[in-house]
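Each of the next two complexes has chain A plus one other chain: chain B in the first, chain C in the second.
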Partner chain A sequence: MAQARNAVIVGGNRIPFGKAGGAYASASNQDMLTAALDGLIARFGLSGQRVGEVAAGAVLKHSRDFNLTRETVLGSALDPTTPAYDLQQACGTGLEAVIQVANKIQLGQIDSAIAGGVDSASDAPIAVGEGLRRALLKANHAKSASQRIQAFASIRPGDLAPETPRNSEPRTGLSMGEHQARTAKEWEITREAQDELAAASHHNMARAWDEGFFDDLVTPYRKLSRDQGLRPDTSVEKLAKLSPVFGKGEGATMTAGNSTPLSDGAALVLVSSEEWAAEHNLPALARFVDAEVAAVDYVTGDEGLLMAPAYAVPRLLARQGLSLQDFDFYEIHEAFASTVLSTLQAWESEEFCTERLGLDAPLGAIDRSRLNVNGSSLAAGHPFAATGGRIVASLAKMLSEKGSGSRGLISICAAGGQGVVAILEAV
Partner chain B sequence: MGSDDVDVELLGSLPGVGGEIARALVPTRRSGPDGTLPQRRVMVTDLEQDAERFAAYSRVCGFTLRDEVPPTWLHVLTFPLQVHLMASPDFPLGLAGLVHVSNEMRLRRPVAIGERLTLSSSAADLRAHRSGTQLDLLGEARVGDEIVWTGRSAYLARGRKPTGAEVPDDVQNPYEKAGESGKTPTKIGEVPSALWRLSGGLGREYAGVSGDVNPIHLSPLTAKAFGFPRTIAHGMWVHARALAALEGRLPSAYEVSVEFRKPVLLPSTVGFSSVRDGDDLAFRVTTKDGGKVHLAGTVA
Partner chain C sequence: MTKVLDVLTGNPVAKAVGKQLGVPQATELRRGRTLPTGDVVLAVLEGSGATGNATREALKSLRVSPVEAVRDVPAARTTGEDGRAVPPAYSTKIGALVLDATAVATVAELEGVRAVLRPALRALGASGRVIVVGTAPELTDDPEAAAAQQALEGITRSVGKELRKGATANLVLVSTETTGAALASTLSFLLEGRSAYVSGQPWRVLGAEPGVVPADPAAPFAGRVVVVTGAARGIGAGIAEVFARDGASLVVVDIPAAGEALTKVANRLCGTALQLDITSPDAGAKIAAHVAARHGKDARIHAIIHNAGITRDKLLVNTDEDRWGSVLEVNLAAEIRINEVLLDPLVAGGLAEGGRIVGVASTSGVAGNRGQTNYAASKAGVIGLVRAEAPLVADRGITVNAVAPGFIETEMTDKIPFATREFARRFNSLSQGGKPVDVAETIAYLAAPDSGAVTGQVIRVCGQSQIGA
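For the complex of A and B:
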């Protein structure tokens, strides 16, 4: 086996994120992923070239899209001999795809890859009800006409109601927001703190757009040239007027303003060996350093659904011999403003760090001016599998601008009680 | 059970529960709380488990379809034998007045869907209860000579107690126990860790896979006829769903006990929570705010 070598982020491309039922209401996952991919191909001059592999996924997926990424490659400007595969780890999909291809590059199995994801909350699959589905399958498997008639005869009117995907955890029946509302309450995250974080996300992202930060990270699509949910003029005062949507009673703090909206979009990252980037006269923005995935037992209520990154990061830091304060930028995915805040609070908590993480002392506070400095999911929107690609590409660019040796931490929480985290370092 | 000198009523196959219920409705002079329980054991031998029905049962109860069957499935298989015994003319109490108040089962080893079973049921321990007369229906499943599962279902007939019998102090009416306190002081988390949304048709679905066609579970109209405001969920479905929720935390052999405290009306949303206590598990199904308990159980 080849010696481990560096995998570097060359760049990325995404389409502006749309609101559910908005600009991309008529576009499928494959349409959007193709748009992001063709934009990336154009940006880095990859037309007609064979890339090592393309790895991407979607969280809400139609059964017809079993080979979504390969189909996207076949419809793109890449050489059709480029292999591709789908993977899925809920909201961790995009980052997990980057980890996957970076590992292969480090091992020398491939020299270049494109990784990321796509999601559409607008074009979500709707399935026929369980009763009808089973009857249709039975009819399909029937060997005689009478068996087939029998199968159809078993259909009841109630079976004809369609089933839409639920945004709830299968084992708890609670939506992600309801889960996070419990975590927010447990960590006593205030409404004000959440609204401040949300306002900062919009303001930071609006400034980044104005400064042209996203000019070489985004390709317009379907008349959209900026993220559709971005509200540059929002304020803590305006956000304070919204009614809570998750949690109950006086203690409820989570509103539509400090929770990410359902969104549509796609994002991809170009990863390669340093040699491949040099051969193609492409930049190496940041080195992929290391990654870690943790999971928590949220089913029994033992830990919050979205708290797994709080466990993954300390494990990653220990392996790399780093402290939480050794970073120039922190990219903590804003599933909800309170997710970011409870994670930060956990790292500052002596009780959590000693009892839950088994550490001698708390990880401590971070410099908040280094957190999500160009905005995050509250402002951009959060097409589940696309978020990892958006963050990796943005952070790599920020690190490259900051200068050699600067370091960034990515933390993404995911359904199923999982958390995917990674470290990038400017080359 | 276990002694081999009792009478055995050997059935050729599992009886249909619907037919047994109809048989029980035929007016019969029953001896009441002062009577004696039939001493015989009702049995079927060399029973092949229905893999298709088990798949449907697993789906309705939320179990992952495995080759090993849960203990509640073995209860479902012995239930027709229980009902057969209770519907018999020499059974002292009327079937319609019996309420399933608690259940205990011991799974001695994993039982596979492909194993042929000898199932039997007998009645035992007719006794006084604060609000009536209680008795147990005992069940047993064997593979060859090996006992793999045992069950004990306690039924309560409200009203008359056996003459002269004293009510033991420790016997309480589990329904009253829940009603008195309103809230439960158990250690399990105040807020349910999971919510189950139960459809109005759940009783019919479970009747289809379990064979328990008791009309109180089938429709609001038939439930009203028996004094319930709406259709009520089968207690053994609630029990099975709770075991399914503990999937992955259950040992390969265990004892599970539950109390049915308050019927679950359909449709409704109920809460579930569990807590580990050393090697044991305690769990409960509650109203969605966790305030009142429908079912409380332990796994040891």
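For the complex of A and C:
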């Protein structure tokens, strides 16, 4: 694939992730995205400067936020002539935004960009019921008082109940957790393995915080200076005491401890050409190598909702001529501990790799000591669209510290049966 | 109650009442890069001591055209209607008196000081200046000359206490080596509103070399990197503000937990934010690395301002090792370690040759304070540090100085109990608290590229506080 030039990750910034209803309960998506953006601007000295573009999004979005990212730019310290747009791909939003701007940079359309996302589970939009909505629209379009009265008269008591956003798939009516519970069962992921992964995530992230790893990746916000859901003192024993919340009966393994909590937060990444970074005396931590997005048919097919990355990664590896073992770090988004484990298991499965992926042999196992080494979503929390930015910035820093040529793989599963994956390589 | 006092000192009618009640009257101080409105009077005293021409040359380089001083000598007096002798007077208000007494070497010659001061004090306008230039007493072998020069300190401090309406008096001690160029930044600072809250202070300008005289006097730090620690709020943010005004490329540093406030300062001043715990062993290396990364690998720091500090107040009888250690660690030990790294010429992003180090001490460090033994220890330590470190780096053109703020109005002082606060605020010659900008201006003067002759000095920014004077 001919590339005009490299796109590099310069760095990132996020605000600590809050628990739903917690520290950011009264913060809007725009508030949080602005805080993350201003922190990024301050870290890299971009105040008053124009950046090529800002691309970001949110999964849970108010209709008033139709131009969320542009409004955020206008409220930030950036030059107001910086263009911006929203994009959205469920939990893949943040990473998809990075892919989008990296592609533009590689093509030479822009030299620099800021990409990422924000989400608030606390400040989720609540809409009026469908009946009331239709009646109100009708009244609004009415030309006479009698027409208006007629419109209002059509409202039934049942129409007054508000509609809240649901964490469920429109086509199956099942929550994401219920979907994953099926996958976990299919792959026979044990409760113990899930709790171990969850405990490791908390312990790894707590260590990273203590070591100051996040000092130049996070800017405190609203008196929160660490991720609110982080539990440094959790253990496999403590996690084992929790009751399952997804799945049914004896075989249920998924608890609140090994599933990501609903969270609030924002994360952004500064991406640029190597020349732009050098001109601005800014570091080039890692090169954006390539990315792939896959989707699975979880509605009528027999694939799990969150299994798309298992398909995206082998396609990406094939294109890049790499094996699954060619990475120094693996960042596999912990939507649920069992998502990570079933994905890894699929890559080790001869049956899955030959029959579903059409490969000659399984991708094989990874060195688990390279997986989510500074914690992931189980510990940090998972404000949907913010997760991609969190992972890209952290991984780029890890790769840069590891040394030139080191390589990292990012895998993020998303609602709608999609998976967004990417490769970064230290410059 | 604060309101009552403010009314008593603000509203004209109530002000009269307040005056009767003995509430000290505060005057709005002249601040910023502004010269006094009235004439600058220059008096160069004759005497038997060794002297140079620095004062006159310095004023010349500042493009100040001084007028002759009126002297209260018997021949100049007239007789009033009541038959009493009337001393000579200036025809209009004057803005400043610059009194060069470097040649004064006998007790008798001190009469010349009185003769110049008497009419000048009467004519000095609001936010006026008395600047006495003397010879550092330790430089003379003659005991009487040393005594006469030391007397200037008593005179200046007393004048500072006698002056009203925001006028100040300070003493600059020079040597015969001191050139006009070396003295210019000091006289400029003292004449301008930048020195608003500095009064009753003596300090030394002994060197001959000014350093680099900036092309644009209004932007002395243009193209220079200045690092300010503890810059997220209060005095630190004020310091950053003044350096930004004067053209500096800023790196603002504060603990990671203060990142949100630090972001606002950095973005407002178009600098970069560095979230860093200065007590971490690699803090100096991280500051240098940030400078090298953000300003180019050949970039070096022009000035580092060690403003970060904490208090953990308790009576000493209740102070454990944590309370003791944490304050000394942040306020003193971190500064020593960071200087060590930045002074290494081989460290990329370290302090430039001809660079500036400015520490922040405190009047508590000078005078001690009940319940602040740990804090006073750390701040007195800063004074010891700058005095010891200055001669060690003098050959590299690097200066090391400190300011010692008195009562400065910040969010922190707003939380002091009312009675204590009012006492602290008004117990000084200017009858008011200082502002963060006053500390910042003094630091910027010490850090100025052309203040190379000022080193190893501690300047109190306290409005001539009665505490520890």
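Here, the second predicted complex is superposed on the first by the 423 of 427 C-alpha atoms of A that agree within 3 Å, B and C clash if a C-alpha of one lies under 4 Å from a C-alpha of the other, contacts with A are read in each partner's own complex, and residues count from 1 in each chain.
In the analysis below, a residue touches a chain if its C-beta (ideal position, glycine included) is under 8 Å from a C-beta of that chain, and two chains touch if they have at least 3 such contacts.
Predicted, not measured: the structure shown is a model, and the values here were computed from it.
Enquirer: Report clash or fit for the pair chain B and chain C bound to chain A in the combined superposed model.
Expert: fit
Enquirer: Going by the contact rule set out at the top, does A:Asp215 touch chain B (first), chain C (second), both, or neither?
Expert: Only chain C; A:Asp215 stays clear of chain B.
Enquirer: Could you tell me if A:Arg171 is touching chain B, chain C, both of them or neither one (first, second, both, neither)?
Expert: A:Arg171 contacts chain B only, not chain C.
Enquirer: How many degrees, to the nearest 10, separate the directions from chain A's C-alpha centre towards those of chain B and chain C?
Expert: Angle at the centre of chain A: 150 degrees.
Enquirer: Answer with first, second, both or neither: which of chain B and chain C does A:Asp38 touch in the superposed model?
Expert: After superposition on chain A, A:Asp38 lies in contact with chain C alone.
Enquirer: Could you look at A:Lys402 and tell me whether it touches chain B, chain C, both or neither (first, second, both, neither)?
Expert: The answer is neither, since A:Lys402 touches no partner chain.
Enquirer: First (chain B), second (chain C), both or neither: which does A:Gly301 touch?
Expert: first
Enquirer: State whether A:Arg182 touches chain B only (first), chain C only (second), both chains, or neither.
Expert: first
Enquirer: Kindly classify A:Ala77 by the partners it touches after superposition: chain B alone (first), chain C alone (second), both, or neither?
Expert: In the superposition, A:Ala77 touches chain C alone.
Enquirer: See if chain A has more residues touched by chain B or by chain C, and give me that chain.
Expert: C
Enquirer: If you stack the two complexes on chain A, which partner ends up touching A:Gly158: first (chain B), second (chain C), both, or neither?
Expert: first
Enquirer: Under the stated touch criterion, which partner chain does A:Pro283 make contact with: chain B (first), chain C (second), both, or neither?
Expert: Touch partner of A:Pro283: chain C, not chain B.
Enquirer: With both complexes placed on chain A, how many Å separate the closest C-alpha atoms of chain B and chain C?
Expert: 45
Enquirer: Going by the contact rule at the top, pick out the chain C residues touching chain A in the complex.
Expert: Within the complex, chain C contacts chain A at residues 256-260, 262-264, 266-277, 280, 293-296, 299.
Enquirer: Write out the stretch or stretches of chain A touching chain B in their complex.
Expert: 158, 171-174, 182, 299-301
Enquirer: Considering only the defined contacts, which chain B positions touch chain A in the complex?
Expert: Going by the criterion above, the answer is residues 189, 191, 193-197, 201, 245, 273-276.
Enquirer: For chain A, which residues count as touching chain C in their complex?
Expert: Listed in rising order, the residues of chain A that touch chain C are 35, 38-39, 41-45, 47-48, 77, 212, 214-216, 218-222, 225, 281-283.
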